[in-house]
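Before anything else, here's the structure in question.
Labels run A, B, C, D, E and F following the written order; every chain starts at residue 1.
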């Protein structure tokens, strides 16, 4: 039995809830999905500014998950994988970002992928992740759209069509052999998009949840050896004082 | 429900069977594991020569799996990932190699890993895989041992100790934050090694089986768009004639 | 005339002040240095956790600098370059991180460098920056020490000796042709270290301040074309609500 | 005097013979060319499946060459360089693949090249070779055509025109400074293509034969130190049993 | 006070003088700019041939600068950075090339840049510099023009328009976030181009001069530890005899 | 019949002559070797300064070779490959550098190599060539010695022993599978070194001469399409005036 906590790093709970409902279709009977948005931060993430300012809320949810919720694995459900390395320091449960998970799943079933994502300004966010994860050579292109993250909530038909059109062009013009969806808000549309596009379409939120099940099933934990060792307790100041001192109570060495 | 076929590419069935028994501990109740060695090829894989000559037998098992066994996903259980791309052409079920799976799982829970593997001559096999999978920068070192693959069967204590010692040195000298076991014959010893070494120890056979469950659970198939499109039927000659002409009967476009 | 704001991202004002006093020795007569620590965050930065949680405070100082202080250029004075890309979005004044500045200055005067930095757990932070800045091939090694950031304040002699010893080994064992100091708290000791070590010793805080003078002198601003375009205003929630909505008032297109 | 054995890894002997006749025009008077197709395998190589299944036949020809034919150097004449590393293990005579040879010759006479090859599905085969051989940055593009390998036999005029047209576009659109022909079946047309295209056109089969003469002339052998050490003798099973046990009789340390 | 010597490596003094006059607008009051062309070499640099043959004249100016002119820092003002590493051996004053300086300045204010340069044949010169300086991933494209270097002297309007048009296309087609001007002869037009193009336009000559001021202000010298150690004195022959034997008189260890 | 001109870029004719005599043992009966040192430049090349100042003399020999000597191919016999790209512009005969040739030959017969070369300060020269030629991943290490170039002339026994010892360590400590000799002065000792070291030892001068024979035999010329197009004629000034204006008389388009 696995308790997996999905943290949608933006504060738009309607998206959080629909994502949770969607993903519950795919999990093992023994898996419990907890889906939350943080108590602080931006309503959507479309810049490095939004990305960094979503991290405190994510870290708070990780700490709460470890202290109060007996969580076995975490998913950070934003394609920028905000704060991933910090989150891994905080817990010895596995923590997966959806960009890393999506790229890894794509590379399991296709020789190449194209990322289809939101606003043009986010291109560099995807590009940096490709380098961090060693996936640059498998990526045929990063295709942005005029879509804001929240354009994709509520099943807005024109936005979904826009994504499908971009995916089709990826297949035709880039010869992409799979598509990586570059936004958690696209998650609920994955099956339809795949159906219309004709190559595997990978949603990182789904990939991350299923990989979390795999990791919990293997009883593999986050390494506490060096980089992801627990942060030292320190007195933080100002409105972030809650992040100081006590953060260490629940992490145990494997 | 997932039917996963594990192909141990060497013909040493004692290893194949113990691997299957070990992995069955970890799968979901609804998963069925079929574990085989090919009908042709080498008894162990320790050179590029062995590696290439294991591929026909692997491909035959993939074809049989698709035609006769209704397999949902395949694992090629040798750390060289022999014939992986050819296998992916043959079926639209996912096919995972254990080197790729191990490196991907390691990167989910640790910032770096070291590979601990068999004979020195296999170093280049591991090195090439690191490049192919974009994992070079995450790998702290490749550590070979004086062990043959078959030294690790039957629970031979001195061989296991040799692996543990090398893992310990990896942690101390390389500051490796996790270990990737570089041989399927080490699989059954993973838990013990991890216990003694103190950082996550990743076995690719286990990782691949659990990732197969994840892929089947996501209903993601191998892309048939370009690189992994089904091979054209052709008349093969000589003792390999069975690989000609008919190979295509079961692959369906997604 | 240039007004340069140095943001020491940790909240240890004694370090902030001594850094400011040290750097004032080096600036042009027409340059004014403003040196601050943020109103929120950790007292030192030694983990990804600390790094991410220093970013809100940095961004607040950038916004204040643009709105109230008529700042011409900013320096983020922590070797992890926390939040650098987010900071560049917020202003069209140049924003330099001290890691990037140090590596660039080192590459101007030496064919190779070694980074000498604080605790072993920060190794991966330096390693990622090397990749981000294209400096991996010029870096001979990253050498960590047992030093916490705050061990280096107050001129503590044993800590400085420890740094000097590590630098000496870098020259002897790595054949490093220059040293990059991997912590702003080492800044005030640069001259002494260089004197003892015999190769150029680069302090990123000094490098960044002088490069800021250069950029202001060239009248070059941060590009607002795509990646670093101003973030859209949005309603933030919780204790970070101050980062929402109004952030845009002072950025002007060039 | 050099005895060079060209192994065309497909079983289409008409291609093998015309290749041999073509290449004999270029060799030194003292060079003897032996040209063969294997006793087993596919009639053409256009997928990873074909590629891997051509390897047993290639290895058999290497063993025969060493035991019975006193061969001084080998050429594997398929642009995928199938089984190259395994072949190098089997013999201390040099073994060259035509892709590696072509890329190396191109880099001797031009700053960049474009690969013009057969079916689109083979793109990834070329791409992987570029990485393996460190040639990625010199390659301007990989241009595929609708041509099957066997379309190029028998001097079929439309196929040759198709190749020439693609080469011309490479020069005009990619500013390619040389062309690498991506299929041994294009070998016999090299001079005509070069004549029409106006930049150096490199055929790997010719390049490899001439480089073999060079290696034999230098008395340089394949290293037996580690990676390419002779495979250990083992009992193989099934239809591949002939590859077991006896494979070692002729390899001598240099 | 800094004495900076700008060496325009071509022998076209009108360009040298106008460059000097232009750059004097930007320097600190205490900076003295000395601007020269060498006594030997080509009138413009548009090939590797020109580039290499400009180096003896550059090196002579460095030696003269150290022996007779008490120079604090040098700029080599040609976008190929000819002879940069040799120049750094000759002196312990900093020596900057304008390509390196431009790419570094661009990376301080923009996530990406495009190089706009002269004749198509110089593309590979820029490409090699991108690799040498670790800037390949930040460069969106290299755009050549039909312009010779000397077309850009004397303010020739059609040439400047041609550069502006190419810069505009870089912004529109490549989404370049800044422009790096790929020729010192474009220097005097930087402000106008930036005004028309709307993203930061970086001139390496200006960047290098300001970075020289920064280096002198930091009292950082060129490392004499290994790569840039002073060359040994040797008897040179022929018309280059003046480069032998005496070259060492002024270099002092730091 | 091939006329190959070997340009030893230093002016030490005793080395030039012994190199020529040595290489004549290896060429085809129909090959004529012309061996020269330039009329100008340094007596040995051990710094970037020496390297650049050897280039004018090399280029003069190329021009003379094309105009007066009917040369079919050129070898630049210094391990820094000085002026290689400029030389390729000047002629449509192939021009090979010995570093490039050695690395290519090593990669034909071994999975890895180590470079054994002269003074420590030349390390960066070798390192840059590894990047330029895409050979970085095949190189296990660069091993320098205390040897000057001219220590290796005249068969000085202690110097040869020093090289042999370093090669032995490369095999034992780096597991290097072949050795690349990093200086043309080591050329005459290659066979003896190989004999003592037990892995292939590659001399670039020999490799380049044999590859020149191969290129001439293939009738492949240097591309004149873009990068290596003939330089434009220009009026050069000063002691280099002989390099201006007339350089173009003999280059013909292929």
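Simple rule for what comes next: a contact is a pair of C-beta atoms (placed from the backbone, for glycine too) under 8 Å apart; a residue touches a chain by one contact, two chains touch by 3 or more.
Please read all numbers here as calculations on a predicted model, not as lab measurements.
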item	value
Each chain counted as touching chain B and chain F at once	C, D
Given chain D and chain F, the chains that contact each of them	B, E
Angle of the C-alpha superposing rotation, chain A to chain D, to the nearest 5 degrees	120
Of B-C and A-C, pair with higher C-beta contact tally	A-C
Chain centre separation in whole Å, for chain F relative to chain E (CA means)	29
Mean-CA-position distance for chain E and chain A (Å)	45
Interface hub residues of chain F, defined as touching at least two other chains	85, 88, 111-112, 120, 123-124, 131, 137, 175, 226-227
Chain contact graph, described as a line, ring, star, complete graph or other shape	other
Every chain pair meeting the contact rule	A-B, A-C, A-D, A-E, B-C, B-D, B-F, C-E, C-F, D-E, D-F, E-F
Partner chain A, residues of chain E touching it in the complex	111-112, 137, 175
Residues on chain D engaged by chain B in the complex (per definition of touch)	11, 38-44, 46-53, 55-57, 59, 83, 85-86, 88-90, 120-121, 123-124, 128, 131-132, 226-227, 229, 231-232, 234-241, 243-244, 247
Residue ranges of chain A touching chain B (in the complex, touch as defined)	26-28, 85, 88, 94, 96, 100, 104-105, 107-112, 133-138, 171, 175-178, 194, 198-200, 202, 206-207, 210-211, 213-215, 217-218, 220-223, 225-228, 253-254
Parts of chain D lying in touch with chain A, wherever the complex brings them together	120, 123-124, 131
